[in-house]
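Please go over the structures that come below.
You will see two complexes here that share subunit A, one where it goes with subunit B and one where it goes with subunit C.
Showing the complex of A and B:
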């Protein structure tokens, strides 16, 4: 009965997710060629083997750095928000304002601010030649910065909601048992916020791992992260490279699903989840 | 573990609303005080102010004579047990009890050894390695009590800790608290809305209503010597006889009642209050014993209350209440004699 009630939602979601992934898988395995006879092969995966490997490494690095930084900054902001002082309200307002701004706008703004011809080096009077390569540089700083800016606000609001509702009374109890602020943070607040942080981290990792526009705008032309590589191959004038784009998409999806599985396993091991 | 506590003219306002309006009382070392009052009387605010979780608008809180204003909750040396046990879900039972020692920097093995003693004290030896999800409600509250005691609080604060438990478990917890008091003699302030609980657990009671302290007294005096009609009603008093005191004797519908030995009543209008438990009903013609007041009454109403029956007795305009065993054949309309001990009578100002 309950299955029947959720079936409309399941059908729509299933059509997009399973249909999309299924099509990509079929196409990447050479079973849906533009011309010619379908034949099962891994050619699409091997055609850009080196780029695929480097792209995977790069995407993993960007997503990991963005996720870790967002979680640390977001958790800190959440703790500040729930202290209930003026600073807390300001941080909450700034976080809430960040959420509706699209990544594309954020990326453009970051580019305008911190590129070698950007507003910040100009205001500081530093010539572009002496300004570090933050945009399009070897360390993908602007990309990670953009993700961290937006996703830390997301973590802050999600975790603050949990801290304010579920953790506040435990925090009081711990204080009355003689635990100072730092001890409470370590022994009570962080352990109890862990499920919310893990869930946020899974969402951020999967998003930043598969997101295209920020890496494309603020990154360098080569090497390419997986979504940029997939889109370039998909958009290529060589229509026969479509299966290669599908192969990159399948690899991206597989890694994302693996990360979700690992994240859920971690979540299940936290005592609060039970 | 046994500090003295003094509350001096405590005021707490939330915006325009006054939660506490000049509360003062003292708790001596090793005493158990119950802060009793209906919902919204401000009793939890008193406790939270003592703990440092709420900052009073004015007034002082002295622990062992020292003002604790501005002292953070974690430095006040107060442990609190709430209505919900609030055991840390990421820690085992033993580590919950060892929490205070752990955060004070004691080595883990020492903290745990210490915690085991307190688990034993609350009769939960052997439960240490369990997860807190494997405990029943009563066991959880025992662990919460052990955890609070293991912090060696100067004052132990209890905020309706047993009100979520069923009556049998509550009685168990009351006797456990009694045993803990005999062994450790902590100073306890307990908030409750249950006057029976206050009577069982506490030495003295501070009765609050709408942010004001109505009476701070022993349990017995709160029942038998209420300071006002409000106290009498909050303590469940049901007999109120309007009248007047002339030359130290109260005159009302039940006649003249002389003040108990050693007490005087001020002349003027006054309400005679007496506990219905003190009223004896007799259907046989017996002589009024010395120290008693005899009143001829008619049974006006009878309500069954399981093993007992509540009866209303009419005497002219005045109404008396009494409780009798359900087996006594006192029917409505029957005449009887009510005997009231003079020592149970009090006159309070007429409202």
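Showing the complex of A and C:
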């Protein structure tokens, strides 16, 4: 009975996860060529070795920057939200409104905001020629900004929910025992929020590491983050490019899973983990 | 990834709670700081939406001008001429189909897992959560060859992959809902002579309805927001709003059209979010879900 209830969901998720990783692995090792004889080889990994390395570094940098900034801004917003009053409610409302906006739409909006013909250079009266290349520039500013904008709202609401339910009483007790604001923040609120922040950070890192559309729209043509590299190879017309795209996919998956494992290890070390 | 968000729940404390905290009442200096931070955060979250609204109404807006130089609805006309309506319809249909499949599948799996009768529960929940850790393009690149060789139509392939992507959200949301769900209500209805079907429709589903609404909303968002799966697996058979936005945003000089398409992609989920908030607060079981007390539990009252 239970098995019958769980099996439809399990079949779909298992097909996509195990099938997706497994078939990527099989293709990347040259065991499923479009034409010709299957033969085990690492050619697909070596063919774009340098781009693969540069892409890994770039993707790691973008994901790290977005995750750290989102967590800092989101945690601040969560503290403001749970302080209550009108300001908290306004911040809660605007951050909740950004959550259901698709990332691609967010990318289009950030482009209209900070490109050289965007609204911010106009408002500041800076001509487009003197405005730094935030969109498509060397520092991937627009990409990180879009991720941070969307994901900081995510962190804010997740952490605010935890703070509202569990932390309020500890905070009151600490105040009653004479702890000032700074000490309550340092010794009560932040330690109690830590598990929620770690969980959000894992989700954000894995998402921004493997996401295509924002980096493609707001990034530059070269160097490419891993998902953009995989996409270009996948769409390319040469016969060897599909295994090469699959090789990029396998590398991305391996790093994502490693990050999840590291994050879970951090989570287990927090005192609140049950 | 939004599954942990308490949609339809209050995250700010009540006014009485705040005003009664004498010790925690902010000092004047702290008040200025708090207001400044709150204002900065509000600008941070709301600012990217400003250009969308301005461009929505701009016919012409040449570079140095701070506000549009000609107001109008050329962007709307142009978006309509470029297939905004069919794209909107296809986005809506895709998101609704994903929600309609992923929500019951997630609810069934969550119910089985919460009742603890599933073999290898940790492995099963791991697999159900795994799509969250798997980049969408990996699943696509691995599975296109399988779907092609099995002659699965593009649309079906898109739906299968999106349902898998939505399952972590629906399973997690429904596990939270079932954790607070008291099976004694169903037993009681059975004892009183209700058939299984009646129990399902008149006791079980109404009790978990707020959870189902949240789960369906998240699954809707997965289908509504997707770009990678629709473009690669769909192979052009379905053109959703994100695909249209992407093709216009990648070009130059389409700012008004991009703004109109973006706004039309933001409005439906926002409306659903607001409806969900009202539903979650008005629904009679909401107070029960937040804090059942001993005297309110069905065991204590006939």
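One rule holds in what follows: the second predicted complex is superposed on the first by the 268 of 274 C-alpha atoms of A that agree within 3 Å, B and C clash if a C-alpha of one lies under 4 Å from a C-alpha of the other, contacts with A are read in each partner's own complex, and residues count from 1 in each chain.
One rule holds in what follows: a residue touches a chain if its C-beta (ideal position, glycine included) is under 8 Å from a C-beta of that chain, and two chains touch if they have at least 3 such contacts.
As the structure is a computational prediction, the values presented were derived from the model and not from experiment.
Enquirer: Is A:127 in contact with subunit B, with subunit C, with both, or with neither (first, second, both, neither)?
Expert: second
Enquirer: Quick check for you: in the superposed arrangement, does A:80 touch first (subunit B), second (subunit C), both or neither?
Expert: A:80: touches subunit C, not subunit B.
Enquirer: Kindly classify A:39 by the partners it touches after superposition: subunit B alone (first), subunit C alone (second), both, or neither?
Expert: In the superposition, A:39 contacts neither subunit B nor subunit C.
Enquirer: Who does A:153 touch here: subunit B (first), subunit C (second), both, or neither?
Expert: Touch partner of A:153: subunit C, not subunit B.
Enquirer: In the overlay, answer first, second, both or neither for which of subunit B and subunit C A:236 touches.
Expert: neither
Enquirer: Touch test for A:172: subunit B only (first), subunit C only (second), both, or neither?
Expert: both
Enquirer: When the two structures are laid over each other on chain A, which of subunit B and subunit C touches more residues of subunit A?
Expert: Higher number of touched subunit A residues: C.
Enquirer: Which positions of subunit A sit in both the subunit B and the subunit C interface?
Expert: Dual-contact residues (subunit A): 172, 175-176.
Enquirer: What residues of subunit B sit close enough to touch subunit A in their complex?
Expert: For subunit B paired with subunit A, touching residues are 51, 53, 72-80, 82, 84, 86, 88-90, 99-100, 102-104, 131, 133, 147-148, 151, 157.
Enquirer: In the complex, go through subunit A and note every residue touching subunit B.
Expert: Residue list for subunit A touching subunit B: 169-170, 172-180, 183-184, 187-188, 191-192, 194, 270-272, 274.
Enquirer: Residues of subunit C touching subunit A in their complex?
Expert: Of all residues in subunit C, those touching subunit A are 1-2, 4-6, 9-15, 17-18, 21, 23-24, 26, 30, 34-35, 37-39, 41-42, 44-52, 54-55, 63-66, 105-106, 108-109, 111-113, 115, 117-119, 124, 127-128, 130-143, 145-146, 160-161, 163-165, 167-168, 171, 221, 224-225, 227-228, 232, 242, 245-246, 249-250, 255, 258-259, 262, 265-266, 269-270, 272-273.
Enquirer: In their complex, what parts of subunit A are in touch with subunit C?
Expert: Counting only subunit A, the residues touching subunit C are 1-3, 5-6, 8-10, 12-25, 27, 32, 73, 76-77, 80-85, 87-92, 94-113, 117-119, 122-123, 125, 127-128, 149, 152-154, 157-158, 160-161, 164, 168, 171-172, 175-176, 181, 196, 199-200, 203-204, 206-207, 209-213, 217, 227, 230-231, 234, 242, 245-246, 249-250, 252-253, 256-257, 260.
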